[in-house]
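Each of the next two complexes has subunit A plus one other chain: subunit B in the first, subunit C in the second.
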Partner chain A sequence: MSTRKFSIFRYNPNTPEVKPFMQEYTIEEPPGMTIFVALNKIREELDPTLMFDFVCRAAICGSCAMVINGKPRLACKTLTGDLKGTVTLMPLPVFKLIGDLSVDTGTWFRHLSVKTKSWIHSSKEFDPNAIEDRMDNETALEIYEAERCIECGCCIAGCVTANIREDFLGAAGINRVARFMVDPRDERSKKEYFEVIGSDEGAFGCMGLMACDDNCPMQLPLQMQLSFVRRKMVSFGLSAK
Partner chain B sequence: MLVQKILTRNPKAELYYDLVELFTGIALVGFLWTHMVFVATILLGSDLFNTLSKSLDDYYLSYVGIPIIVLIFLMHILSAGRRLPTRYQEQKIIWRHAKMLKGTDTWVWVFQTITGAAIFALASIHMFVVLTGWPITATTSAGRIEAFWWFYLVLLLLGEYHAGFGIYRQFVKWGWFPRKPLGYVSKVITVIILTLGLAALWVFLQLGGA
Partner chain C sequence: MSNYTTIVSDVLVVGAGLAGERAAIEAASQGLDVIILSLVPPRRSHSTAAQGGCQASLGNCAMGSGDNTDVHFADTVKGSDWGCDQEVARLFVETAPKAVRQMSMWGVPWNRVVAGKKVLPDGREAEDPKEKEGLITARDFGGTAKWRTCYTSDGAGHTLQYAVDSVVIKLGITVHDRTEAISLIHDGENCLGVVARCLKTGELRIYLAKSTVIATGGYGRLYGASTNAVINEGNGMAIALNTGIVPLGNMEAVQFHPTGMVPVWILITEGARGDGGYLLDKNHHRFMPDYEPKKKELASRDVVSRRMIQHIRKGHGVDSPYGPHLWLDIRHLGAKHINTNLREIANICKNFNGIDPVNALIPVRPTQHYSMGGVRTNIDGYVYGLKGLFAVGEAACWDLHGFNRLGGNSLAETIVSGWIVGKKVAEYTLGAPELNHSYGLIQGFAKVQQERINNLIAGKQGKENVYSLRKEMEQTLMDYVGIFRNGPDLQKAVDNLRELYHRSLKIGLISNGKGANPELSTCLRMPGMLRLALCISYGALTRTESRGSHAREDFPKRDDVNWLKRTLAYWKEGSDLPDLQYEPVKITELPPGDRGYGEASASSAEGKKQN
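Showing the complex of A and B:
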C-alpha cells in the first residue's frame, strides 16, 4: 500500500513556551482516504496528543474545516488521493486557536448571529394553532439556498478583509442578512438593515476578492449574495433618511 | 460604542466612498481608453493626429478636460486607497495570505495596489512633461516617445492592467455579471486595448526615428 506524508501545524496555547512548529507524520494510504480518516489514523497509531475537530464526517456540521495545502477545506470532504505530495495542514486563521488544528468557530458565529440579529423580526403575535402563511416557492428556495451554510468558516478564513479586521462579518454574515432580507415575514425597515450591514463591517468592508466564493465547500452562491446585499445597501442607504 | 466614535460616526460614509471609487474608476477607464484611441489616430497619419490635438485645443476641451481628469484621478486615489494596509503587521498578513491561497483573486488585489501606486507616480510625471511641452503634436510626441519609450511602455502596461482588472473587480463586486465568463471577457478587452496601445507606441517610435 502506498504511504502519504503529512506536515501538521502544532501549537498548544496552554504551553506557550513551546513555539509553533510543523510536525511530520507518515501513514499508509488506503484508496478513498479522506483527511479526516487520515487524522484519526495519525491520532490512533502515532500521536494521541494531536488536536482536531470533527462531528458528522459528512460535510454537515462544519467543524472539520482547516487549511489543506493552502486552501480552506473540510477535512471530511477532501480525499488525500486528490492532493499531490506532502499534505500540509494548518488551522483556520481568524478564529481563536484551541490547539493544533482545532479552532473555535462557535463563538465567532454566535457573535455573527447576535450582531446581524438573525431571527425573524415580526410584530405579529405567534398563534401555534393557526395555519402558517403561505410562501411562494421561489422565495422559499432562495431562503433555503442561503440556509445551506454550515458555518464551517472557510469563507472567513480565506477572506483577506476578515484576516485584517476583526469586526468584519464576512461572506457568511452577509449571506445571513441576505437570507432575512428576502424573507417576507421579516418586518425590518431599510434603515434597520442598513444599520446592521451598510458599513465597513458588512457590505462595504468587502473588497470583492471572492476568496469566499472560491472556498465555500457548500458552493453557496456567495458572489451573488454579496453583490445582492451591496446593491440593496446602496438603494437603502440613498433612500432611507 | 466609544464616545469618540459616536461623535464622528457617519453611517453613510462607507457607502459614499464605495460609490466614489466605482464612478471615478469607470470615468478613468473611459478616459484611458478614449486617450488611447486618440493616440492611436497616429496610425492613420500625423496630419489627423495633429488636427485632432489642435481641435481639442481650439474648443478648449483640453483645458476643461485635463483639470477634471486630474480631480477624478485624485478622488480615485483617495477612495480606492483608503483600504491600503498601512500597518506593517497588516501588510504581512496580506502577503502571507496571498501566498497561502494560491491562484485566487487576492493576488489581483495585491497587484492592483502596487500598479495603482506606480501609476500615480508615473502618470504624474507624464502629465507634467506633456503640460510643460504644450501643445501636443506628432513631432513632439514622437520625440518624447523616442527618448523615453521604456517609460511609456511601463506606464501603458500598468495602466491597461490596472484598468482591465479594476473593471473586472467592480463587475464582480456589484454582481452585474457572474464571475467566470466575465474574467474571460475583460481579458479580451484588455488584450485589444493593449494591442492598440502597443501599435501606437510603435508608430511613434518609427516617427521619431525618421
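Showing the complex of A and C:
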C-alpha cells in the first residue's frame, strides 16, 4: 500500500510555552481515504494529542473546515487521493484557535446571528388550532437555497476583508440576510435590513474578490446573494433620499 | 469554597440538538434562567443530519388525503410492534400537526403543495387540488398508510435545527458549547446538576440547577458501522445509568436503517424510497415485492432491513471488499427531482463514492441508525428514580417507538416532546424549592471525576489502550448484536463486553492528558459506553422473543403472553452486568395484532393460502 505524508499545524493555547510548529506524520493510504479517516488514524496510532473537529463526517454539519494545501475545505469530504504530495493542514484563519486544527466557529456564528438578528420577525401569535399560512412552493425552495449554508466558515477564512476587518460579516452573513429578505414571513422593512447590513461591516465591505463563491462547499450562489442584497440596499438608499 | 467554577441556573439542558433546544425554549419562555450544555455548537448537532422529514397528519397533499391522528396512531403502534406506550403515542400524534405548523412560523421552509395532476414513479396518478395549494406537503415513508412526512427537500433536520436555534438566540438563551457533562450530581433522591468538562480547556466545572434535562441523543457510535455522527456515544444515557438509581428502557431495541451507503455508512434518506426508489440485487432484480407484496420497499425499517439481509444470505448480494451489499436505484426519478428534492444525497453520493445517482446505482446495506431505548421517563418526561431530572428526544425512552421507530417519527418526536416536556420542566421548576444542598456532597462528585482524570493520566489503574478497547467493543456489537440475533452469539457478546468492561477500568493514557486532550475525553467515556453496550446485549439475550427490530432466530415469534413488557436496566455499583427489571406496556386503544407487513404477516398470509 502506498503511504502519504501529512504536515500538520500544532499549537495548544493552554501550553503557550510551546511555540507553534508544523509536525509531520506518515501513514498508509488505502484507496478512498478521506482526511477524516487519515486524522483519526494519526490520532489513534501516532499521536493522541492531535486536536481536530468532526461531527457528521458527511459534509452536512460544517464542523471540519480547515485549510488543506492552502484552500479552506471540508476535511471530511476531501479525498487524499485528489491531492498531490504532502498534505498540509492548517486551522482556519479569522476564527479563534482552540488547538491544532480546531477553531471556535460556534462563537463567531452565534455572534453573526445576533448581529444580523437572524430569526423570523413576525407580529403574529402562534395559534395551535389554526392551519398554517400558505406559501408558494417556489418561495419555499428559494428560502431553502440560502438556508443550506452550514456555517463551516470556508467563505470567511478565504475572504480578504474578513481577514483584515474583525467586524466584517462576510458572505455567510450576507447570505443569511438574503435568506430572511426572501421570506414572506419576515416582516422587517428594507430600512431595518439596511441597519443590519447596509454598511462596511456588511454588504458594502466586500471588495468583490469572490473567493467565498469559489470556496463554498455547499456551492451556494454567494455572488448572486451579494448582488441581490446590494441591489435591495441601494434601492432603499435611493428611495430614502 | 469550591475549587471548581460553579454555575447556577434554574434549568440545565444537556444537549443542544432539536429536542434539547425545543425544551429550553419552552422553559425560557416562562421566564426561567436556562443554560444549555453541548459537545458542539448547536447547529452541528446530529439533528441537522436528519434528511427525510417529520411525520404529522396534516393530510394536505393528495396522497395524504383522509389522513388523521388515528391513522398516524395506528401506524406508530404497528411500527413499534406494540412495544410503545399508547398514551404517549396518542399525545404525540395529536400534537405533531401543531408542532409542524409552529415550526413553519419559526422559519422552516417546508415544501408546499403544488396543485395539479402528477404521475407517480410507479405509474399511479394523483391530483393535488387548487384549494390545498401552498399548504405544507408530505412525502411517502415506510410503514405509513398515508403520505405524511413533511419535509424541506432532503434537509429537514437542518432547517428545523436552524429555525429552533434561531429562537434560542432570539431569546438569548445561554449555550455553553464544547462542554461535556461527565457525571450527574444527586443526593439519591434529587438531581442537582452535573459535573462537566470544558472541551476547550479541559477544566472541570460544576453546574447546579433546579432541574436537569438529558437531551444528548443516541449511542450509534457504539457500533462500528453507524449512520450517526461521531459525537453520538450515548453520554447522557451513560451518566444517568451510572447513578445506579435511574433505569434505561428497552436498550436492546436498536434500529438498523436499510440504506446506509457502503463503505462510509452515511445515511441515504428513506425519502429516496419514499419518492419512488427501488432496492435491487446483484441481478438488478427488484426483490422487495417478492417478500413484501403490499408495502414493498416501504415496509417498516426493521422489516426492510431483515428482508435485505435475508436476500443477501440467499446469495443475491453484490460482492465488494466491504462485504456484500445491495443497490438503491433512484435513476428513474430523473435529474430534476434528484437535484432538488434529493440534492443532499446526490452530493453525498458524489463526494463519498464518486457516483451520480442520476445515472448510477447506490451501494447500500442496513446500518445501525437509531436507539429506541434510552433514559426511561414517564409521559411528562420525568426520569424514573430522580426528582428534578428529565429526558427528551433520542436519549429518552419516552416510549413512542417501542421496538421499531417509523421513519419521520424521530424528528417529529424532537419538536413534539421538546415542547411537551419543556412545559413540564418549566412547571416543575417554577414550583421547585430553592437550591439548598450540601457543598460537600456536590464537591464530592467533582472530586470523583478529578480523581478519575488523575488516575488516567498517571496510568495508576493500568495501561490499557482506549482505542483498541473501543474497536473491540464496536466489533463485538457488529458481530453478535446485529439485525438477526441468537442466544449463543448474544452470550458471546455479553462475555466479551464484560471482559472489555473490566479492562476499561484499567485504561491508562498514552499522552499527557493536558488541557482538552482528546484521548482523555474518550477514556472518560469508555466505561460508560461499555455499560450501555452491556445493557443492549444482555437485554437482547434475556428477551426470548422477536419484536420489531429485536429479531431472535431462536425465538422468531412475538410473544405477547410473556414479553409484552419493557426492559428496565439498572447498573448497581460494583457490578459488571445490568440488573434487568420489567414493567408492563400500556395498551389503551389498539390491542396487539398483525402489523400488515413483515414476517408474521407474510406467514399468516401463506397460511391462509394453504387453507
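By our rule, the second predicted complex is superposed on the first by the 240 of 241 C-alpha atoms of A that agree within 3 Å, B and C clash if a C-alpha of one lies under 4 Å from a C-alpha of the other, contacts with A are read in each partner's own complex, and residues count from 1 in each chain.
Assume a residue touches a chain if its C-beta (ideal position, glycine included) is under 8 Å from a C-beta of that chain, and two chains touch if they have at least 3 such contacts.
Since we're looking at a predicted model, the values are computed, not measured.
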On subunit A, do subunit B and subunit C fit together or clash when superposed?
fit
Just checking: does A:199 make contact with subunit B only, subunit C only, both, or neither of them? Give me first, second, both or neither.
first
When the two structures are overlaid on chain A, which partner does A:109 contact: first (subunit B), second (subunit C), both, or neither?
second
In the superposed arrangement, does subunit B or subunit C reach more residues of subunit A?
C
For A:48, select first, second, both or neither according to whether it touches subunit B, subunit C, the two together, or no partner.
second
Please indicate which partner A:208 is in contact with in the superposed arrangement: first for subunit B, second for subunit C, both, or neither.
first
Reported in degrees to the nearest 10, the CA-centre angle with subunit A in the middle and subunit B, subunit C at the ends is 160
Just the number, please: smallest Cα separation between subunit B and subunit C in the overlaid arrangement, in Å.
20
Over in the complex, which subunit B residues touch subunit A? Could you list them?
11-12, 14-15, 17-19, 83, 85, 90, 93-94, 97-98, 100-102, 104-106, 108-109, 169-170, 172-176, 178-179
Residues of subunit C that touch subunit A when the two form their complex:
40-46, 48-49, 98, 100-102, 104-107, 109-114, 133-137, 152-153, 155, 158-159, 162-163, 165-167, 169-170, 175, 177-178, 200-202, 229-231, 263-264, 266-267, 340, 344, 347-348, 351-352, 467, 509-512, 514-519
Name, in rising order, each residue of subunit A that touches subunit B in their complex.
67, 70-71, 90, 93, 158, 160, 163-164, 194-195, 198-200, 204-211, 213-215, 223-224, 226-228, 230-231, 233-234, 237-238
Subunit A residues touching subunit C in their complex are 12, 14-15, 32, 34, 43-45, 47-51, 53-63, 77, 98-99, 104-107, 109-110, 113-114, 117-120, 122, 124, 126, 128-137, 139-141, 143-144, 147-148, 150-151, 183, 185
